[in-house]
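Every chain is named by a letter (A, B, C and D) in the order it is written, and numbering of its residues begins at 1.
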Amino acid sequence: MPTHRPAIASHTTSSLIARYQRVRAQSMHLVAGLQAEDCQVQSMPDASPLKWHLAHTSWFFEEFVLGARADYTPLQPGWSFLFNSYYQAVGPMHARASRGLLTRPTLADVFAYRAAVDERIVHAIERELDEQLADVIELGVQHEQQHQELMLTDILHAFSVNPWEPVFRARVQSLSRAAEVPLAFVPGYEGIVEIGAPEDGFAFDSEHPRHLSLLHPHAIANRPVNNQEFREFVRAGGYSDASLWLSEGWSTVQREGWQRPMYWSDDLETAFTLGGRIPIDPLAPVCHVSFFEADAYARWAGKRLPTEMEWEALAVQS
Amino acid sequence: MPTHRPAIASHTTSSLIARYQRVRAQSMHLVAGLQAEDCQVQSMPDASPLKWHLAHTSWFFEEFVLGARADYTPLQPGWSFLFNSYYQAVGPMHARASRGLLTRPTLADVFAYRAAVDERIVHAIERELDEQLADVIELGVQHEQQHQELMLTDILHAFSVNPWEPVFRARVQSLSRAAEVPLAFVPGYEGIVEIGAPEDGFAFDSEHPRHLSLLHPHAIANRPVNNQEFREFVRAGGYSDASLWLSEGWSTVQREGWQRPMYWSDDLETAFTLGGRIPIDPLAPVCHVSFFEADAYARWAGKRLPTEMEWEALAVQS
Amino acid sequence: MPTHRPAIASHTTSSLIARYQRVRAQSMHLVAGLQAEDCQVQSMPDASPLKWHLAHTSWFFEEFVLGARADYTPLQPGWSFLFNSYYQAVGPMHARASRGLLTRPTLADVFAYRAAVDERIVHAIERELDEQLADVIELGVQHEQQHQELMLTDILHAFSVNPWEPVFRARVQSLSRAAEVPLAFVPGYEGIVEIGAPEDGFAFDSEHPRHLSLLHPHAIANRPVNNQEFREFVRAGGYSDASLWLSEGWSTVQREGWQRPMYWSDDLETAFTLGGRIPIDPLAPVCHVSFFEADAYARWAGKRLPTEMEWEALAVQS
Amino acid sequence: MPTHRPAIASHTTSSLIARYQRVRAQSMHLVAGLQAEDCQVQSMPDASPLKWHLAHTSWFFEEFVLGARADYTPLQPGWSFLFNSYYQAVGPMHARASRGLLTRPTLADVFAYRAAVDERIVHAIERELDEQLADVIELGVQHEQQHQELMLTDILHAFSVNPWEPVFRARVQSLSRAAEVPLAFVPGYEGIVEIGAPEDGFAFDSEHPRHLSLLHPHAIANRPVNNQEFREFVRAGGYSDASLWLSEGWSTVQREGWQRPMYWSDDLETAFTLGGRIPIDPLAPVCHVSFFEADAYARWAGKRLPTEMEWEALAVQS
């Protein structure tokens, strides 16, 4: 989720180029050490290959910055078809689920494409920076950061289905142990509050318009649920008690055979992570649980999840 | 399908090594020019990644030649699990359909594995050649040749699902035009014939034991059905006439929406091949049609397919 | 949806019996003229056989009125298993979808069961009426009225899948022509409003607790959308324009091949109704459209659906 | 399976009428004691409602005897559409699987239809009997007998999915105890044998033409496998050993969760039958097992199933 940044107009050319290059370099950093095969695979329909993320985020800049000019010739004819998000394959094979089948262009081709786009974007910023261009660049940068999050969740899943359990990074920083303080509930905001992004500064479409919302009296936990607490829920039979789950959640539990968080081992002692298989830290926040699992946990604990508005009101003010 | 070769015992050490190396080199030749991504992809559950074929055929030699020794230590612990054909994944994901998810070991890892296996196999032949070893080597060589056929059909399918329609080999030798002679029917063998491989020489299990079969009077076409003839079947509505299809075939036609041979274009003018998209040669044999399609064509033409025995009797004697 | 009725305490014994019998008789009236076969069929998993509705609503009274006594012996051992809503079949066959497979008890058995329950319930009201019993009776009556609505939608669907298109009632009262007045938008309530049922009088669980809700400025149409308007949406390509649909709605459109409201003919001229196939009345309210269809229509018309709170605020005050 | 009967030409009018009426009455006898609901239900896509069987077999006589006349007017317009076997519904709902949704015509309607057909068929035999008519009547009678077999298997399945386990006939004759003699293997025919129906007498299409077949040396058990023997196979883990099953059989075992014969209880002590749930007779022939189960049993026992030709040669000669 983006935070609200200072107005675009205050960017100088050089600071915008620096920001652009820093974010673009971060995407490349994420695939450092990975092989062409790792970036090719799509391990489930909801995931995308890392190669696709690298190409799609570049296509975004090409399309909306360079492509905005009347006389623009695409760098690679046909790539728009492959790498925009709305690509619809002809025939019975659903395009989104088939991204992993596109072996060409190769990862090397995509690296070259990124470099060609970067050169042209930097050139465009140097020569043509105005408020509109700055806005589009900022949008593309934010968009690429969203995909960086997806790259991490997608490679985690891809490696998790390999019996070898490859390690993405030997040294992954431990999860925050914010979840080790004693659990307490603090009053949330109540009454009429403003929700949504302020007018100035970057925000995604879904964060507008700013509007009022009525919050009822409630309290929110002072920290995330930790692994130890969630493990108690699992051990207490939480995954086999229909009364704890929303109807659609319970259908999913049964259809997919859920018995514990996806990356946890059968004995609830280890988890598969970007750092490989490691012991579960009891005091770290539980993660990689679905909405349905979080909701069932809350019901088991005699609570409920906060609404989006309750959470936003607290998060923004904190 | 293997032909019947001279008895293994007549191989000298050097000729067996030469044969082994020739076949092994052919597998590597097939992936020359392909990228790591191309060898990673599994474009449908019935296909396997080329990388898997390269590893599996090597595993076969390691397991049945080197692994036969009591004190043998596998080259790569765990590879047997991944690359034997009977690998069964734990959990809901079916192993065979998931071969394309294994990004590690990489293609480069597999190349290194092949080299290590080759070195040891050649060494074994040089030092330990006896009839039993010769038999196993021959079996492995035949097995690898079977997989070479699969590698070609699998990469054809993988490239066919890419909107770019990549070209595997710019110059693929044209299909035989054997199908251009006038169609005629020649009498097949009738009466009691011997079917199956002779006792001596290599044969797969499924070709034994040699046994007698009774053939009824019949005639077999003097050449394969050609593309022009099959196109007439398509144009005559063959794919929408239930009466021409076996029941299971018709279910498949409807479920999968078949309307023409898989690699043919909608207008029946071009086909996707290992040489890319090319005009359909009307006089070349039709290919890449399923048993159900061949059977429906034969019924439409007022004929039937030959039985396996009718065909074998004719093929062996010719 | 139940309306809020006067407090239960004001019922006299005779008026409660009259009310009970009137509602029970209405269920029987709904199946008058139907055959045993019609009451047996379950035409889709989301529907239930009419026989099941008749038994289930009776089971409700047996269980919660008669079954509340410590020494109660069920009228029919095992029926509770079949006719409560939570029946879970052992094994792979999902119970809810299998209600149509239960040929025994027969419709005649269920009629006899209803009569036996009615006799005992009337007897109980006569002898034991207190506020608690009155509450349970009222709940059961309301529950049965809900099922009467379902019986009508379920028999409509069951008859619609029969090529003969049977007629449920030769004379069905025309749909209100409330939708013929000119369309206008009237301001809805805004600000903080009370939502939910008042404390006194009957209400279902989901209508409690009464709480405050903040309504933003909005306007609501003065009448339902009519068939003529919806037909324009269909003709304008509404069912093939992904941009008009919620994501889950669009998936449903494609998966199920929706092209028009379920009971409309291909030419958009007639609809299948409880009175058989009849010409579509252009000025009657459109009905039997899903939430997704209503939502897509609203988007196409440049509007949105009212929220539940906006609608309730207007409906209750009107 | 039909046996080979004396030539049609030898029937007199009265004996043909008697035969027709006897078989037609047998179909009605099969539904005696059943309710309209029992005859309505289709408990799986591969089954048909008994009502459908009763109507379809009558439609057969109407269509092929009465309908052969140029000026014939069908008894019930539209029934041909519903009750011929090739009825294809328009739209997504597959007709065969939807036979259970047709509540109209009712069972009473079908009874009346049968009576009307019978009257006309008897009239036709009385007035117009020639060899061609006799052949069609015989075909219809044989066809109805095939459906009588299906009626029994279909009602068995329908009752088996009802937790009440209704009893079709309180007194069902016990299965033959032919399977209690000691198991022995007797030589089958070998060499060239004639297979198929003789030219004269009734036979179905699939029993022609008579032709020669070559049988290899083999032996066939002197009696069917009995329940005791099959139970040993189940207890020995036969349903969880992939090596005993054909590939398609093993897929079915896993997909459908087979663990024992369909109608056997978990403890392998009782079976659901047309006479209700009864103890399994250890010496009676095992029944209601699929081809895949029979094949797996044979492999477990170190045998194989006989081929169709081996079986026919022995059965016809015995």
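Definition applied: a contact is a pair of C-beta atoms (placed from the backbone, for glycine too) under 8 Å apart; a residue touches a chain by one contact, two chains touch by 3 or more.
As the structure is a prediction and not an experimental result, all values here were calculated from the model.
With centres computed as the average of Cα coordinates, no chain lies farther from subunit A than D.
The mean-CA centres of subunit A and subunit B are about 43 angstrom from one another, to the nearest whole unit. Once the centre of each chain is set as its mean CA position, subunit B and subunit C turn out to be 59 Å apart.
Centroids built from CA atoms put subunit C at 41 Å from subunit A. None of the residues of subunit C touches two or more other chains. Pairs of chains in mutual contact: A-B, A-C, B-D, C-D.
Within the complex formed with subunit B, the residues of subunit D that make contact are 192, 211-214, 216.
Put simply, subunit D touches subunit C in their complex at residues 35-38, 40-41, 43, 51, 78, 81-82, 89, 92-93, 98, 100-108, 158-159, 161-164, 166, 256-257.
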